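Look at the two complexes coming up: subunit A is in both, with subunit B in one and subunit C in the other.
And then the complex of A and B:
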């Protein structure tokens, strides 16, 4: 077992927290005289994922596969083109603005870039107070006291809450971003590559902080990363994305030990090993990721798949469960 | 809380020292600030400084007309025997007042529209930008003349006319800032937190786009004062007996050869005022853009 999860009390009843149903997000490519959409970027094309209460889902995939778009659609930064997002079984789009707003408190996000994710002209205490300002529930909360509490929670000097973000290092800023995300005591924290823009030492500190918070607080994670080691350290389930679709998902042990989809195999073979007698074969994929404007027909991976068959270019593979929640979308399995 | 105050104070001291250092490095900006300070003092204390305050209000003494500068009349007198020094000092009040009001009015119209256009984008942006295009397609002076003629000849209408021809510049400026800022993760974070659009625009975007606006506004101060003087010169702004510099220049034309002091002193004041605001505007731009800072 990995350190983050081994010390956490086993949650017996796995209640579903957040679920996306066939979620699609297309971005228009505008052109011509009137800036009409001439094509669509299929950033998310039918993504269905599920995060249970107290669970931690890692979303992996190469650049441009739609990981960050998924986070932005779930947090309401982008509107979904179609599909649904259920939070505790209720669609977040269904009941109008008030329901949507209460979800904004329960689902928070931490961004990759700690330099621009904090408004440079606001004091840290104002930044930390902002999520509380948006809800009547927190009216009357003492700003300075709350700021101190949050700073302490993420291991920063509470005396510095009156300073501006530029007075902190990258790792410290990422902690401030995490503190801000935790201000409303959310049920789900979406971490969009929280460690890829900070230096190695801070990376370790941020990861340990995230692991600690996961253990001590009643919060679920959705961790987006292209660093598989990070996902392995924090997460208990994993979803592998390729060109806007989930190609494989399941418990992290199952997926890592027995990857079913050829893309997952190739992705995992790219993890560097420090063992000198590692005999694992590197699977090197040919070519580039196809354009999301015009994704390949059939299985999206067939243009680069080392095991592709002729029918792969015609049949769209369904995500099928192969036991213990381990599912993959490939017709060859 | 006490600890916060202490750090804040320390920062303030650090900042004050830094500003003094910058001012020392930029003598023109310092000169501009000092001149503006003097002009503001003149405007505020005009009744105490001016030897003949009633002359500014238009009391005439025809027997003392067109006296050259001397001990009793520092800048001489005009064709109706009024003390030019008093009138020029009172003119500072009008010009600085016009500058402040017009710039504030232009900001009040231009900034919200620019924020809305830049942040909302799409059709709202398109509509607002086409409206600014309409205003910008006329030469600003011509537009101001037309508007002032339509509204009627007085100083208030001249100010409205200038503001109407001025705001599109601020709209354009803040729109471009808003467009570049709205992609920043801190705006996305605010959206994800459920912060309202209004708050995002006025708190997150405006606070980060202040510097170019302040630079532009300080430069415009001088231009606005010039434009309003020009309108008054053409008879579309201040009306006699208001002690407006442009108006004084207009009436002094006939006496230019015989009584040059009549036109020279209002002209010098206008020149110095515009120059001072331009110095300060340039200085501010250098402070706010470290790439231009000559340190």
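And then the complex of A and C:
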């Protein structure tokens, strides 16, 4: 291979786009006469993830595991309590508000429910143009033309740019939300449960669109979903979260074929397969997800873990690499 | 096995300002004793209306226009309201999607159990409490004595759903209608509830009508599955046949639309269009406008329900009657 080619390839693989370092987000539980914080919800407790350029990371876990909080901290909807977020190697907190604002164009989000995330009083073209209004780069862009271009991109009829969101079906609304997220030509698209509010047939269309955009545009994905089939279909890497922490991550084929963490195994075994002959053994987890206000000591999963040992309640397991970037946090492995 | 429930020519309409919405049109649906029958369909297909009409709970502007719901030999739609109240809970019980909305927030779950049990049986409060705790054990609620004193908001989603199942079974219902009972739950919690339902069927012989929008849940739970679209059952078959040999184009489209890892880098089949407006349903086959194999006859004539195999029915002009293949 030509040395320059191999070097470029190496650079392409290594180019890190977004990285979180020991990210924490605690929400206060207020009480008492002066509504002072009396306790803290540990929504994110030391999350370190990395998304390379052109990669697609799936974040999975049960509700309350912090996956949506992670999306919201990365997009600046919530402030981080501590930790750092690096975008293209630079901390987004370092240069103050202006730099923080400049990555807004590069990191966009699509929310779960397109019935809530689109302003019902704006026409589609206004919805699509809104992200551009704050951007110097797009000053003077023709609004109608841009809207048409974006609608064509997501497979909607550009003639409908003057209509309001309620005139579209759920699947179409999600396309509008995706088009709006793509308006500023972002490098990273965060998809927070993008298909959980739409029907099976519309879901197939939205997934096709996401797969097409991923192939044709220079965009990386962070896909948050509780539907592992969707993650398996779209993503190339995966991070499994439990109670505000990443318990396992790696290439999607490694993690699915050889899950290391007992929680990942239980989670995968619980997905109902559409093959009625499936005889896979189900691991039923006992009890409920513990409260994030007082997370269990030691390994957070030990209260429900079918293979927990006495030391699991004392020792905090670290995320260790078991080869090929496949890491898990469990002392048993 | 005998049929515990038979629905014949059931039609449910809703009067709206724009016209009459035809939301349910079930030609023939039988649930056999001891089986888990699954109704699978997308939102708006009429799944919940079907559940409500079995219990005769359709309220204006909706009305049951015609049809029969025969349960253990009696037509439920012709019963006196007082008789019907005796059936609800005692013989047919229902669990709903959102357990928080179905439980009373100002009473402890134990009080609600006792009230329900004493509504149907003449026993003392003490005995009812014992009975309630026994039911809590049946649904594997941890520590029944403590749970008994808790309010719904103190319980997690999975536990609330277990309380609802305990309530539903507290009077020994023979038929349990589960309307999207696990939709609001996480997969790991869902797996536990589904396991519980399977066990109840096995141990108590409870017949379950499982309404779901998840094909995965239907595949893992049911003996037979009916596919609902625009209020009509387009295909009905034993679970293996539905998933291995789907005959209706809509069933095929639904199954193909489920993403899997082997499909990576392949496009999912694309069925365009939308679920039609129930006020203005297309003539002929209601799936016709979206069907990839639509023919001229589909636009004019409503397809009949025909048997294409043992227990396998489809309403499609393309479906062949069993035996036709060779002749």
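One rule holds for everything that comes next: the second predicted complex is superposed on the first by the 316 of 333 C-alpha atoms of A that agree within 3 Å, B and C clash if a C-alpha of one lies under 4 Å from a C-alpha of the other, contacts with A are read in each partner's own complex, and residues count from 1 in each chain.
Just so it is clear, a contact is a pair of C-beta atoms (placed from the backbone, for glycine too) under 8 Å apart; a residue touches a chain by one contact, two chains touch by 3 or more.
Source: prediction; values computed, not measured.
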| item | value |
| --- | --- |
| Clash-or-fit label for the pair subunit B, subunit C on subunit A | fit |
| Vertex subunit A angle, Cα centres of subunit C and subunit B, expressed to the nearest 10 degrees | 80 |
| Partner chain(s) touched by A:62 [first = subunit B, second = subunit C, both, neither] | second |
| Which of subunit B and subunit C A:129 touches, first, second, both or neither | neither |
| Partner chain in contact with A:284 - subunit B first, subunit C second, else both or neither | second |
| Partner chain in contact with A:204 - subunit B first, subunit C second, else both or neither | second |
| Contacts of A:276 with subunit B and subunit C, given as first, second, both or neither | second |
| Touched partner set for A:226, first subunit B, second subunit C, both or neither | second |
| First (subunit B), second (subunit C), both or neither touched by A:180 | first |
| Minimum C-alpha spacing, chains overlaid - subunit B and subunit C, in Å | 9 |
| In the complex with subunit B, residue positions of subunit A that touch it | 72, 75-77, 101, 104-105, 107-109, 111-113, 116-122, 125, 130-131, 133-135, 144, 159-163, 177, 180 |
| Residues of subunit C defined as touching subunit A within the complex | 42-43, 142, 156, 158-159, 186-192, 194-195, 213-217, 219-221, 239-240, 243-244, 253-261, 263-265, 267-272, 274-275 |
| Subunit B residues touching subunit A - in the complex, by the definition given at the top | 1, 3-5, 7-8, 11, 184-186, 188-196, 203-204, 207-208 |
| Parts of subunit A lying in touch with subunit C, wherever the complex brings them together | 62-63, 169, 199-201, 203-205, 207-208, 211, 226, 228-230, 232-234, 252-253, 256, 266-267, 269-278, 282, 284-285, 287-289 |
